[in-house]
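Shared between the two complexes below is chain A, which pairs with chain B and chain C, respectively.
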Partner chain A sequence: MPDMVTLTIDGQTVSVPKGTLVVEAARQVENLIPVFCYHPKMAPVGMCRMCVVKVGTPKMDPATRQPVVDADGKSVIAMMPRLQTACTTPVSEGMVVVTQDSEVEHAQRGVLEALLTSHPLDCPVCDKGGECPLQNLTMGWGPGKTRFDYNDKVHFEKPVPLGDLIYLDRERCILCARCVRFQDEIAGDPVLGFYNRGRAWHIISQSDPEFDSKFSGNTTDICPVGALTSADFRFKARVWELQPIPTVCNHCSVGCNMTFDTRSNDIKRVMPRENDAVNEIWLCDRGRFGHHFNTSKQRLTTPLVRKAGKLQEATWEEALSIVAQQLDGIRSTTGGKAIGGLAGTSLANEDLYAFQRFFRETLGSANIDHRSGSALDLPLDDAGAQYGIRSGTDLSTLGKGTVVLVFGADPEEEAPVHLLRIRGINTRGGSVITLNGRPTKLDSIAKHALRYKYGSESAILAALLKPLLDSTPADGKRATLRGFNDLVAALKGFNLDEQASGISADKLNTVAELINSAENLVIFYGRDALTAGASVPAGLANLLVMTRKAGATNSGLISLLKGANARGALDLGVRPDRGPNYAALSNAGLDAKQMLSAAREGKLKALYVAGVDPVGDNPAAAESLKKLGLLVVQELFLTETAKLADVVLPVLSVAEREGTYTNAERRVQRFRQAIRPTINARPDWQILQALANQLVSEAVLSAAGGDKSRKQTRREEDKARVRSEWTYASPAEILMDIQANVAGYKGVSYASLQGPTGQWGRQANENYYFDGTSYQNTGGLGVQLPAAVETSSIQTLQPFSVSTPASVADRPWTLVGATFLYDDGALLTDTDLLNNRKAKAVVALNPVDADKLGVKNGERVTVSSGRGSLSLPVHRTKLAPEGVVVVPVGVNNVGLVSVVEGGATPVAIRREA
Partner chain B sequence: MLYEQHKAEIDGILARYPVDRKRSALLPLLYLAQDVYGRLNRDSIREVAEILDLPYTDVFEVVGFYTLFYNEDVGKIVLDVCDDVPCCFCGAEELVADLENRLGIKAGETTKDKVFTLRRVKCIAACDQAPVLQANLEFHNRVLPDKVEAMLTKLRNDVEAGKPVSISGRLAER
Partner chain C sequence: MLKGTMAYFKGLKTTAKYLFKKPVTVEYPEVKRPVRERFRGRHELKRFANGLERCIGCSLCAAACPADAIYVVPGQNDPAKPRSAGERHAAVYEINMLRCIFCGYCEDACPTNAIVLEHQYELAFYDRRASIYTQDMLLVPVDKGHGEVPPVLQQTGKQLNPPAQIDL
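On to the complex of A and B.
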């Protein structure tokens, strides 16, 4: 228990931790002092003066340093000579606060009258109207009349765009600096500021592009007036007509809690839903504005079946029976091994579970993967679940004593809200260490921002592990570490080549020391780390084990996988090598790459693709898919793969159905149906169930005739495998099945996901003037699954080895495929607002290197590896270190997929004539 | 460009501050940029931000706050005449009218030959010398009617003779 301080607020006694501000202490006794500039997530500034209160402290006798007491033995209270701002005054023992009396009211009324001198009377057309703190506080505390002359109002040009996403109405602005402070303190993008002074004071953004931040939408939530409005929601609806439906963002692995605000069966806006353990009250702009795919006109609306070479509309019955018959035909002639299935990471847990069941049970095939089979696929990441961050960890509470290691990851682009959370840990006194091959935004706050050379990742980890190994005493402790001797052997004789790795051994020793002495260790790793070989996630896991933090409170790995439900896909066995809950399989199936080559060789007859786009990711895959006897695509859009399909089955989007996702921190969270589908599509699990059930009966049918005994055997096999008909009535029932059959998901049900809804710091919704317009979480906080290591008594070190990349003489450059937040992915379909921010198809090249090659911005270069080459215009930027060229992943027409070999790839670069 | 053209001077300014406190050099660099370009526009402000590795917006905030940074072209000499109470008692209004007459402009304007800009300002902390004005921040005390002609002639002659001027006031005596 921290030091508690007891004080009296309007006669009510309250005890709060030392350092609490008066305004927060008052909230605890539901005494809501009005505020505009104060925000619980940001440092107080006392700019708006709305929260003024009377404050008194016990009078001290200067001679004895003791409180002066009156005749009754009570402390005499000395009131401060002036009103104080409750938002900047910390509590002290015996303090007396008066929030409601005539003097305070007079001052507050005066503040509001002054704030309203130039505020326009456009509430009827203002987007904030109805959820506006200024409206509400004016009703509660404001004067009924103003003494200012209407003609003296300061006028500004009505809304000016601050970039593409946000509009600023300077007349409405009350200059509380919440937006400026959010950008400076929380987002770390200091792109907003004040210009001029006095009554001409106003907000500006002069970054390039304007308001250059991935978190700009949050400023519209915390703006206490209608000064900042989003281009997406302007004039779309009156807020009191909106129905907020709790959902989970499906754009990345953070799994931000949010709501779809709907009216007339249309999504009008996306708002954050508070969940301190996930996104606090923030969203990134991709999540906030990228909802248009749900209602896109480009969506598939009805099943399509290829007839006479062309995809033509069909009924569900027709489409499903074609798929079932053909699958059954292949199953009974060549067996399940000739069928492959890909199910993507944006599918819900329920779909993924049904998918693997459909393949393993109904079709008897182990050929399952959640990747597309391109060279840019990430390896299967188990460390993130085995050594994942301990369940019950809330990053928003971590600070002093916590070390965050960001290894080979760019959270800003890969999982933006994690950037805010890492920055928050830093603000609260934690330390951030970045170990990356290229600069990232986090470097600016990192205690150690270290830049390794691509290829030396495992050597860096070895250099971090070695001192930890040496300092581990030789007593019984070592015996509890399984694999200790292997690690010792792997590091025997290891010496860091400082030249090749780019970091000095001393520096890494300091980092190892810092990591070792930390109370909590949180390790983030992303695309760069995942593609750098199996020893990298293993090495990171070993860091946890060697520092005794594997499975420890507030410690563990967070793997920034691509896709909202990549962790769910791995957990539920949508992979060839392991079943649900990472259960080892006796016979591994084909992975996505192997399926494509098997198809090319004619060994794979059918491919069932749900929410994956192998051809979109790698145009060369088309050649393989054309050889298939049957290609079924279950999709939202007519993807490049769907264009080649024999049957296309339209699915419902995240807004049109229910389900759950598992995020990077292994928190299972539920999304709900926000709009009624207006198209003839079905949820993924329903399609799979219909097929599974048809195939049970098909199996019986096709068993008749032919070689009777053989058919009979097959039929028996099928029967044994197919437990029974599927009777899921809803995704909730699938989750019950998951909970019963997947050990890691024990206790996860729609009821438990509904979970506790109240969180400290959050009052009921009508008090949103404290937090902004984000929503109180009524949809549940989700359930965080335990990491495997939490439940095991013995700690295992992962197999680790140091690899040194062979340098290729004629390919001196390193090509890196980087994830960018705004890519050409299908989930940004119809979100045209973000088009200007999308990653461009360019090669990022350091200016020094560009000069060496003699290329200017926009001139084309050819980048070639041992596999192939690409040709793109050059973008000169310091974001590419010398010797490294960066090309975006997930952007159309970059040709990256035919050049990379795993992760960082040695390439040659030639200037094109 | 600013940096390339005035490298020695800028490096000299930067050298006054610790390497990790480059932003301390902001005001001196803005004075320099304003003198070089005759005003501070978007591009010149960005140049300064880049020299100091500061976010553009931060530098614009500073420029916007101070009235002595000009975002429009001004003359070679900016005349700031105080029209606050003590100066008014001593003839500030007459001084402004006199200057407007002689220069053929209104307060807030620049002469056609781009030599003078006339502005009204509030107290410049020399009430004992009222009426007072600043020419490029150089004080001219007790500017009574008999002094105006001579002052303007001298200023104009200096400009015509090619004497260095600084609208940022870098040459004003402290």
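On to the complex of A and C.
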């Protein structure tokens, strides 16, 4: 290859790509060069001087510009007069590197001796002890004795908290700036900095609140000493005592690979597992610190059955037979249509598949959904699977030639690790375009940061599609695009109203051109886009098709849905209108909203709720649920819905069981049992299996009454319907069933999920100097499912139309419900460390607007729409654009659900006296 | 015949010789034989002279233990009422005496000389549970401490430089 460079390292010849640093090249010949400040994920700085090596280059004759050749015909090597830092020196042709000789060793010993002059050597009480690069390198390269006076060490107050999550021990710090660089380069929150100089030189936080970053926990991983330690793991255990169990984060749709580090049947900490295709080696703070719900004392510990108006403890046999008998009764009198089921997006694929099978086969009901039936539900998103990012895409390798379009999404709040990956693409030379209704953190790095006015989303997309449509040649290419003429018709006579949309047509033409000329196109869309109408995901899919990127390598949509397994729920048909693998159904059932209204009207007799909290999401739903004949709730906690239930069935949490999740990029990943359950709970799929089998058993039939021959026929009917009894022994068997019956999941099994484990070109013994800064993935990288469009030759344009929101004269403001990372969700139960960072129940209002209304910070306003009103204190912030009020979703005591009408809602605001 | 009688007296001579010597046996348990200075008996957890526990909960004893007899759960000291010197203490410290082989590796591993194998050797139990010695049983009384706290454990709350004042 032309861009390869050949050099000699310790006598071994090695060829590496041009631009490779000497320290990386040395890894290829398995010659370890010790490092502290260098990290493969960040730009080198050469601060610690630990990686010094001897470097020589071929001597050039200044007159002829030719290498000087000695008598043997070999080129003469001119060694550099001083040792060079291997982490900042790029390789060059013919270079000679010496990593091991007495001069290098002398220098490295000197560096370590100097570093240790100010290090307190309190390893026995340090949480990093045991996985500390400073310990390791001192053992390997350090001097046996120091010439410095032990009592002359510099001392600082210890420890100082940097915010609630991180402790800083300045004595231990070796000033490598890994944390500072991580915050600047990777997280994009430049909140850490250096202060003072000389021996008083130390790290400080420059933000208020301190260390204000959603990725602060990662600095404790990459810190090569114990200077930054997490408050969550402070003095919890020694690292060598921990047993890391591979798992998958269940807080959002990124599906970060991580481990539960356990000891004595308790989760002591959460650590990332490196998976370049998902989370590289990073985690957000919610994922890292939000594991306490697994071991919460508030968990349901035993089945509860309502007796004499009160929920009372019961045995599993009793609770299950009550549910089975009642469901059987309703099924035999009114049929399956009077039974509804809600299964949440934090359930595993196996549970969701069992759930829809239980409803469609055993109960004969099509009324299933994965949403809660509140006004804040997201619409069903199919585009994310049909036009999803092509399987095999690794965002961590994309750079030059890649355009990332972020439409109506705030990755920082909705899926934080995606923010790091988008920033990474930008750093490697890709372009980021943000098209949002309100400012987000990505705007600062975006090539085009465009702000549309809420309601004009489809018009913006039309303006992007139009130039692409016009430039598509009229020849045969159009024929391969199904729906081309419909799209032409939809955009006929369209002209962008720049006033109403807030963006000029010229700007959008530039963006369209950039998208069209891109090599790879990745489109992220989130809550704002999903709630803006069906035309928005359709329009984004059309953008892909029109730019010939649909199903193309490294291109596609990534839909930031709410919940860890929202994509799995959609894939496996936990929805009323489609079966597993998006198979069309002849008669659709009721969705969550319709179920609640049917319950209110008395048409729905029973509701089975697993991992959803309709009443918590919308208190008005209690009215409907009280009218039900039977409400069964399968939950971790006694939620508001569970309090109304007739039977409550406790389930095991993600740490106590096995299963798989499908993430936003449609990667199926496996989590494992980390701790032994100490409560009388069962995994969701087992409960459903027990019920399904009980529903066809003789006991239930005799309890249902009727003469013997009728019983016999019913039993035959039931048998025919359920085909056979469920005999799943483990989730692995359900996944085998899914693999056999759901086309999209072909080839997904626990064996294939175990998958390849090698990453990062890791070599034996490399932990020696990256110890504690990265965690090898031994649990498998998962399997990415192909998008539907990859396998079809004809590409379909989605039906698209431009809608213009009717403005309401007396409601001039726009209310937007925004997702925040730290909300009041049940998964943050007992994670008290994050309490101070949780989104506040406030109305975010632009200062200009606030002045117009004459409200100060903290004064209450009433926000009213056509449906209802809410009353909250005002928070003046530029994060809300003029004319827009932002209210958090998923935060207690907000009342947003009774005001919002789908997406952006026109509202009136009144200052309260 | 005579030879046999002589042998009888020969044996009695030995008996008679020891009849007037001080006996080697002691009346255990009333009388206890003193042990050697370096005898390795039951562990004790020592204290500093100021009464603070020497143990800092570092688990190095547990790591060194070849029999996996030691279980330590560390905890964070309350600065107002510290249990040990420094930031960290042992919240739980248990030794399973049935597992312990009295090798003394824990003593060697201990950075603060907190754990010492002392001279108590009477370790018998009626049930297995009783063989687990807890921290309360192992700790010496508060007034039986010795030695000063080393400087490395005295840095909590210490301020050499004024804290950074940054005007943001």
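The rule is short, and it goes like this: the second predicted complex is superposed on the first by the 880 of 913 C-alpha atoms of A that agree within 3 Å, B and C clash if a C-alpha of one lies under 4 Å from a C-alpha of the other, contacts with A are read in each partner's own complex, and residues count from 1 in each chain.
As a working rule, a contact is a pair of C-beta atoms (placed from the backbone, for glycine too) under 8 Å apart; a residue touches a chain by one contact, two chains touch by 3 or more.
Because the structure is a prediction, the values reported are computed rather than measured.
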### Query
Given the touch rule stated above, what does A:206 touch, chain B (first), chain C (second), both, or neither?
both
### Message
Taking the superposition on A as described, I'd like to know which of chain B and chain C A:643 touches: first, second, both or neither.
### Response
neither
### Query
Hey, is it chain B or chain C that touches more of chain A?
C
### Task
Identify the partner contact of A:195: answer first if only chain B is touched, second if only chain C is, both if each is, neither if none is.
both
### Task
Mind working out whether A:158 is in touch with chain B, chain C, both or neither, as first, second, both or neither?
second
### Query
Following superposition on chain A, which residues of chain A contact chain B and also contact chain C?
195-196, 204, 206-208
#### Entry: Residues of chain A defined as touching chain C within the complex
120-122, 124-125, 129, 151, 154-160, 171, 195-196, 200, 202, 204, 206-208, 234-238, 240-241, 264
### Task
Within their complex, state which residues of chain B touch chain A.
42, 45-46, 55-61, 64-65
### Task
Can you check the complex and tell me which residues of chain A touch chain B?
190-197, 204-208
### Query
Which residues, counting only chain C, touch chain A once they are in their complex?
56-60, 62-63, 73-76, 86-88, 111-112, 151-153, 155-161, 163-164, 166, 168
